[in-house]
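Letters A, B and C mark the chains as written, and numbering starts fresh at 1 in each.
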Amino acid sequence: MSDVQNESLFEAPPLAEQTRMVEAILFATADPVSIKELTGRMPHGCNPVEALVHVGKRYEGRGVHLVKIEDAYAFRTAPDLGYLMQKETVEVRKLSRAAIETLAIIAYHQPATRAEIEEIRGVSVSRGTIDQLIELEWVRLGRRRMTPGRPVTFVVTAGFLDHFGLENARDLPGLKELRSAGLLENRPPPGTGDVDEDTNDDQADMFEESDE
Amino acid sequence: MSDVQNESLFEAPPLAEQTRMVEAILFATADPVSIKELTGRMPHGCNPVEALVHVGKRYEGRGVHLVKIEDAYAFRTAPDLGYLMQKETVEVRKLSRAAIETLAIIAYHQPATRAEIEEIRGVSVSRGTIDQLIELEWVRLGRRRMTPGRPVTFVVTAGFLDHFGLENARDLPGLKELRSAGLLENRPPPGTGDVDEDTNDDQADMFEESDE
Amino acid sequence: MTNSDTSEPDLMSVSERVAAEALIVDVGAFEGPLDLLLMLSRTQKVDLRQISILALAKQYLAFVEKAKELRLELAADYLVMAAWLAFLKSRLLLPPDPTEDGPSGEELAAHLAYQLERLAAMREVAAKLMGRDQLGRDFFARGITEDVQRVRKVTYTATLLDLMQGYARIRTKDNFRPFVLDRAHIMTMEQALERMRGMIGFAGDWTDLQSYFPDGWDADAVRTRSSTAATFAASLELAKEGKIEIRQGEIFAPIQIRKRLPRDE
């Protein structure tokens, strides 16, 4: 960069390099960045003001541009493209425990009727819970069960698999696997030895049929 | 594109405009955006693939650039400028040696069963190791292996690729060398008869395309 | 242990020293026998494909011997490996027995070498992987994401762990029986009261309190205690209501009750 050895330590990087730096800092920082902060973060001798002018020019008329907020700078999407951002405006909330359990039962036992879900959970399932899962498009109606009353069954959807990163609901580990893989909270029920061997078998059975 | 009036309603914006759009959408999000999602968000008739080529070129060598993760795209700061961003660094939970090795084994042998991981490391996978990798969203469940017991398998996620700056699993460092040295084979110990032929096939499939 | 193999004497001494040092540090520093073997094999300073399994087996066995001498606790898998290596060593040293089938010593040794090479390779790529530029450390995602604004649409999320743990919770909850008192051997005062109300009308004469106990309850100590307490408390309640009279001859003497007669009678 320079042949003056001592000087080179403190010599400021070329403007093009400074522009890159400003670009990266403004991109990655969570808040608008002031000149003072920029100066503090860039190597000694840099002049962020000049670099900012270049950055500003570079993004003029682009999909993203440089804006000044009080005495700080940030990148913002061009206002005329704001409509492209609308889809993303979602508030994410954690699913309730009742809903997670209901979903888990459907995923592990599908197709499952409401009565079956209630039997496994040991409490009644409110209408709203299943509705919510259906609305999330994680659960849909399956075939009616050919038993008296022909109850509706529920199955999980492709959207469910996608969300949980599964290729197939059958890939979900059974209880024994969960435990041996250390995926269960390490909270063995007090005083019980080996638990519910048959639970797993149930599940194995259930997947067996689906094989053909 | 066409002089039919009705059509014009759906005429795609010019490429320069599409480039701006892609720029804005990718700039606004932290997570990679897939081509499908881009298409869904852009006006009818847009072709994000072409626009992406332009965006990629535009940001080449800049402080921020375009990266590809599987079929999704994102802007990331240039790695050589990482030192400017100390403040942004999120304290990543320190992974244990066991977790790092397990992660590597899953990445290079995927889909990998727990038994395979244990066979390679020569010790059992301790409770919480895979759990931690799943929680980091670097590992997810793959298809069950079609061998006796139908064990659960683990594969790495797009989040893993994003984190380590890989476009896809075939770009893992040293993968080719390992494969040609035969170190990714599932070689059964002598005298145990031939074990799960298809184990290997699975993996071969996964990386097959990269061979040509 | 003969000189039939051509192990270099100085190499052995080096490895022995290393092994001894390792012991002094901590046996627990190794993640199992394979880890230890890999470390020992490194002392041979050759390509893993060309390590002398025989020398390796000797080093390992020496390690285990030394550990026993120092009374260090060795996990079972270390001892299993020691037994296996001793077996392997004998197979490598003795001429092959044509009547015996099963894998030859060379095959077993080759597999062990393969395992070690594979583990070493995995370690190496793991290190390479961690040495890569990482998101959030060396390169960064957008800091100000703009996608949270405007039309609020609530969506719900859950992770795979939530799902699996939720399922496990349901399937194991039968084991978490809420704590309840065992009531089979307990008589409440309400029960005693009800029982006595039905019987008291017939008690014209002084009767022992014990005779009001339910049938069979005097056989079991717990039941006797519970019914005594309940019946006594119930009789006090009845006395308070003016329904009965209570008397006791002296301390610890039996308590007797009788229906209280109307004053005017």
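Definition applied: contacts are C-beta pairs under 8 Å (C-beta built on N, C-alpha and C of every residue); 3 or more make two chains touch, one makes a residue touch a chain.
Listed by chain with UniProt protein names: A, B = Segregation and condensation protein B; C = Segregation and condensation protein A.
As the structure is a prediction and not an experimental result, all values here were calculated from the model.
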Per-chain Cα centre nearest the global Cα centre, belonging to chain: A
From chain B, the most remote chain by mean C-alpha position: C
Chain A and chain C: spacing of chain centres that average the CA atoms, whole Å: 33
Inter-chain centre distance, chain B versus chain C - centres from mean C-alpha coordinates, in Å: 36
Inter-chain centre distance, chain A versus chain B - centres from mean C-alpha coordinates, in Å: 15
Sequence positions of chain A contacting 2 or more other chains: 24, 27-30, 75, 77, 85, 88, 165-166, 172-173, 183
Chain C residues counted as touching two or more neighbouring chains: 140-143, 146-147, 159-161
In the complex with chain A, residue positions of chain C that touch it: 140-144, 146-176
Chain B partner contacts - residues on chain A that touch it in the complex: 19-25, 27-30, 41-42, 62-64, 75, 77-78, 81, 84-85, 87-88, 165-168, 170-173, 177, 180-183, 186, 207
For the chain C and chain B complex, residues of the former touching the latter: 31-35, 77, 102-103, 107-108, 110-111, 114-115, 117-119, 121-126, 128-130, 132-143, 145-147, 159-161
Residues of chain B that touch chain C when the two form their complex: 27-31, 74-79, 82, 85, 88-90, 92, 95, 97-98, 100-101, 103-105, 107-108, 120-123, 131, 134-135, 140-141, 162-166, 172-174, 178, 181, 183, 187, 189-191
Partner chain A, residues of chain B touching it in the complex: 19-25, 27-29, 40-42, 61-64, 75, 77-78, 81, 84-85, 87-88, 114, 125-131, 134, 140-144, 150-153, 157
